[in-house]
Amino acid sequence: MSGVQGALVHHGRSREIEGDVVALEPAMGDSTLLTVRVPSAVAAEIRPGRFFDILCRPDGSSDPLLRRPYSVFASDPARAELQFLVRPYGRGSAWLARRRRGDVLDLLGPLGNAYTLDPGARHLLMVAGGVGVAPLVLLAREAVASGRNVVFLLGAADASGLLAAGHLPSAVEYVVATDDGSKGHRGFVTDLVPDYVRWADQVFACGPEPMYRSLRNGLLPLRIGNRPRVQVSMEREMACGLGACLGCVVETKRGMRTSCVEGPVFDMDDVRW
Amino acid sequence: MTTMWKGPSRVPEPEDPPGPDLSVDLAPGNPRELRLTNPVIAASGCFGYGLEYAGVIDVQTLGAFVSKGITRRPRSGNPMPRIAETPAGMLNAIGLQNPGIAGLIRKYPRIWETWRVPAIVNISAESVEEYAEMAAILDEQPGIAGIEVNVSCPNVARGGYCFGWDPGMSAEVTAAVRAATTLPLLVKLSPGAVDIVSVALAVEEAGADAVSLINTLVGMAIDTRRRRPVLANATGGLSGPAIKPVALRMVYQVAGSVRIPVVGMGGISSTEDALEFLMAGASAIEIGTAIFVQPSLPLEVIAGLEVWMRAQGVENLGEVVGAAHPAGIPLRRSHAQVAS
Amino acid sequence: MTTMWKGPSRVPEPEDPPGPDLSVDLAPGNPRELRLTNPVIAASGCFGYGLEYAGVIDVQTLGAFVSKGITRRPRSGNPMPRIAETPAGMLNAIGLQNPGIAGLIRKYPRIWETWRVPAIVNISAESVEEYAEMAAILDEQPGIAGIEVNVSCPNVARGGYCFGWDPGMSAEVTAAVRAATTLPLLVKLSPGAVDIVSVALAVEEAGADAVSLINTLVGMAIDTRRRRPVLANATGGLSGPAIKPVALRMVYQVAGSVRIPVVGMGGISSTEDALEFLMAGASAIEIGTAIFVQPSLPLEVIAGLEVWMRAQGVENLGEVVGAAHPAGIPLRRSHAQVAS
Amino acid sequence: MSGVQGALVHHGRSREIEGDVVALEPAMGDSTLLTVRVPSAVAAEIRPGRFFDILCRPDGSSDPLLRRPYSVFASDPARAELQFLVRPYGRGSAWLARRRRGDVLDLLGPLGNAYTLDPGARHLLMVAGGVGVAPLVLLAREAVASGRNVVFLLGAADASGLLAAGHLPSAVEYVVATDDGSKGHRGFVTDLVPDYVRWADQVFACGPEPMYRSLRNGLLPLRIGNRPRVQVSMEREMACGLGACLGCVVETKRGMRTSCVEGPVFDMDDVRW
């Protein structure tokens, strides 16, 4: 490590941090829950929806080249620990899921904006598709801690792909849907949304883009004006994570917006679908 | 030593031994000169307008940075997806999303003016006149240390044939920009030219203060599930470590022929890579894609070069520029002469 | 279906369901045709003369293989080092070490004649006449299924300007070879051309049965300790995954214009990569560098394509060729017509 | 794994094999002794000087691209185990030395020719520089087992870089040299050679090329004709390992020869220096 870099870390400028892997456990089907120890100042900066761009390759290799963004699933500032829920998909996630205790990860972050809770909102509806649970679990914990009511909808292919209820605060009403009906509603998670729209003051969603489209189509006839407000986390492939490359933009009614800095959370009504 | 373009980037501590000289002038023939405290520059399109990284690294320590490519009018860029990862590289088809030259001028020069680090503006255009017009506008602005002319653009008047593939067209752009501004002028060459040396010689002749190379190679990736190109634009620019050998070869060839400073880039991801380019004949280097992967890399390379120079007893970086050429390269005036 | 060039590579087992058709004819306009049981070819310079791999993999199962580049006279090649690793790629400067055409003929045709797998001979030369002379010699030999003409060679009569960079020079070589032999004729294009499509169209016009692309990009690496290029030859050919995006783009562009079969290559290291090239418009693919890393890869790709076709319900590979072009590609006759 | 590849392995044609890492232990300074379990038919094919080309990167990465050749240090056909001595140098060796028990390696081999023992040779001189000990340790074991006398010379930078004597059969006369004189002779290992030339029927060397040059210079005035015969293992960067790419050639008096198939062991007198 060069003195220069050390100095930067000291001045609190660099967001490149090292994280020690302290635990890995299976969670939600074939995904892995990764616990990483980071400087405690970093853990304190976490907000639901923010993410880290993680380097997913060994030292000295340049392939795969780019970092991969992962949402924070849980944050424990006291223990200076973060958790990520990693779904094995391609090269980066497979490498990450194969880490072992004691390995050191290179993380850039926290990055991006966060879901925002309206001060007056009491009833919160959260809609998650698959690994999209990650930021919403953190949000649900915060919301319950501040005395709000949370309904948490999760969709997965089958029962094995669902998150164990123990990861959510017990005050949360947790309702699930599976494609094959092996647990909960048989069908899409968005099918469940209409039941809660009138109840909800705010809606928060995280999942693949087709889920947002059906969420939006289902909501259109039920919403009154633009109420309840809906926030979605837009997944984009990212290069820099810092708003510099313009590779991750989302087309909004206000023009092109970077999803790494001005997102990943957008107001559903602001996005051009 | 002549005066720096802006003050030194780091106030030396009293206990520091006299350090090696990393400074470089990229426009030694130009009275406005382009003096950098060190040869490490953040590349166009990979560093936004400097501000994006100002909260993340100590931007002022850089040798310089180059803005995202600017066009005459604002552009909203290409549809998504705009990037795709490839083996040890990436493709981008951003489509020059930028606020246009007026938007740039409204916001950035007054900030850059307060910065120690030189800001170089990268310009793209579709005609010779447009390039010249943009250069004339920039000429009067404060806070701009130089212009980098991106000639890897289609010439609309010639049916979209890329300016940078042709020595004549590249020289025409250079001459027009030269006539429109006295600012230090870098011409950024395209690797698509069949003979990049002749393009470099033509733009040198036409008045460029320096050449920078290489811009991205044109590449593609296909999504076999959708049976369509990954990028909405079908093709994109390939950058990153994958292209380093091609970039290095071109820098070696160009530096062996021209007398103006050469700024080398393409896949640089370490101090070692930077040294390869310097030894190939680059007087300075730009880092692009690797900044995405490691924002602190340019600062690490500056420190790494200094450490290497101390270890090797190299006092002035000019001693190393072109060292890999068995027969040497034409003398250039980018570095102070070595005391004999 | 027309008859195979040589018998099928694998006797189907009785319990096999009727398999998808992977066969391809790379010289549909040539009465001597070049029918392959599958589209996977071992690339020139990466498979020796076939014998080197005969003890390691089942060579007979390949669609075809291409010999190391042969010259008129024997060559002992370049001094060492001849190879250097680069990010996701490698540089080579073998310098065409080969026994010369007479040495080739003395040893290999009589072996290849007994093989089921088609052997294609790759030829390099320094003049149009030399290319034609070599083609005439090969024309009479048994056991040779086709010729691949490497035009990435310096034309001595034109001061060493590479044949493959120029449509006219490439066409001249093609026409001369065409006149000297009726053997199926592949012309292997150079990625150094400023516009590879015009070169492809020129060689198609001049009588090539197919084009293959790309040859290596010219690259370099520097040893910073010695302060010298790593390769004794200074520059070398860059191959491997690093160049895949450039190769794929060129195949896409060429396949969108010519009507003869296109053989795609450059960094192919998996079934997925092979599919990208087929969808870009290649009728067949060559695998080079990746064979060094995994000798069984070509066989794995053949099996992988078959598995993919079954899963996707693709009966004839021709259905996939060019699929990534939104507007389709010119019809080619490399594959059997799909029953409607 | 495709059926095709399985079939090839079955027919004994492919030399691509999988090896399970069963042990890693520090040895010879900062090097690692890696024990790998391979099919027993493979272990039986080992001869001193032969090597494996090992893939030194995780699945799904293509950087570093090429395999790295490693000489067999020990072979135990009964347990179907091979040992490699890996010196941490660059990217490949660093990755290899970081493996853990249970990891699976991808090896191509065994490749190359071997040192040959002349039937009548009784007195064998082995000259190793650094990690060049690997194939000579195997050779020394075979030679001692067949009743020959072995003098084993090893050179290293300092005492910590020397191989523990326990790795060599006790019948071997083990003499060392260190650059700094911290153990044995202070200077080059080749300085020791003249003492044994008249005694030796055959000389075997493995080390960097400068070592061969000084070995050769030292021997020239002492040899009688071309006696004793000297075999050296030539290190070359390799791409294919199978004689196809011609990237690894050695210039011999008989022309260019591949060091992966026709080597790595060459007769010193055959090489053009």
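Chains: A, B, C and D, in written order; residue numbering restarts at 1 for each.
The rule we apply is simple: a contact is a pair of C-beta atoms (placed from the backbone, for glycine too) under 8 Å apart; a residue touches a chain by one contact, two chains touch by 3 or more.
It should be emphasised that the depicted structure is a prediction, and the values quoted were computed from it without experimental measurement.
Visitor: If you apply the touch rule, which chains end up adjacent to both chain B and chain C?
Guide: Of all the chains present, those in contact with both chain B and chain C are A, D.
Visitor: If you tally contacting C-beta pairs, which comes out ahead, A-B or B-D? Let me know.
Guide: By the number of C-beta pairs in contact, the winner is A-B.
Visitor: With chain centres taken as the means of their Cα atoms, state the distance from chain A to chain C in Å.
Guide: Computed value for the inter-centroid distance: 46 Å.
Visitor: Find the geometric centre of each of chain A and chain B from their Cα atoms only, then give the gap between the two centres in Å, rounded to an integer.
Guide: For chain A versus chain B, the centre distance works out to 36 Å.
Visitor: Could you work out how far the Cα centre of chain A sits from that of chain D, in whole Å?
Guide: So the centre of chain A lies 51 Å away from the centre of chain D.
Visitor: So which stretches of chain C touch two or more other chains?
Guide: Those would be 86-89, 240-241.
Visitor: Multi-chain contacts only, two chains or more: what residues does chain A have there?
Guide: Answer for chain A, listing residues that touch two or more other chains: 62-64.
Visitor: Classify the chain contact graph as line, ring, star, complete or other.
Guide: Drawn as a graph, the chains make a fully connected set, so complete.
Visitor: Inside the complex, what are the residues of chain C that reach chain B?
Guide: Within the complex, chain C touches chain B at residues 86-89, 91, 165, 192-194, 217-222, 224, 227-229, 234-235, 238, 240-246, 248-249, 252, 267, 272, 275-276, 279-280, 320, 323-324, 326.
Visitor: For chain A, which residues are in contact with chain B within the complex?
Guide: For this pair, the touching residues of chain A are 2-5, 7-8, 11, 13-16, 55, 62-67, 108, 236-249, 251, 255-256, 261.
Visitor: Using the touch definition from the top, list the residues of chain C that touch chain D in their complex.
Guide: Chain C residues touching chain D: 45-48, 52-53, 55-58, 61, 68, 76-77, 80-90, 92, 94, 97, 240-241, 269, 289, 291-296, 299-300, 302-304, 307.
Visitor: Using the touch rule from the top, collect the residues of chain A that touch chain C in their complex.
Guide: It comes out as residues 62-63.
Visitor: State the interface residues of chain C toward chain A in the complex, per the touch definition above.
Guide: Residues of chain C touching chain A: 87-88, 241.
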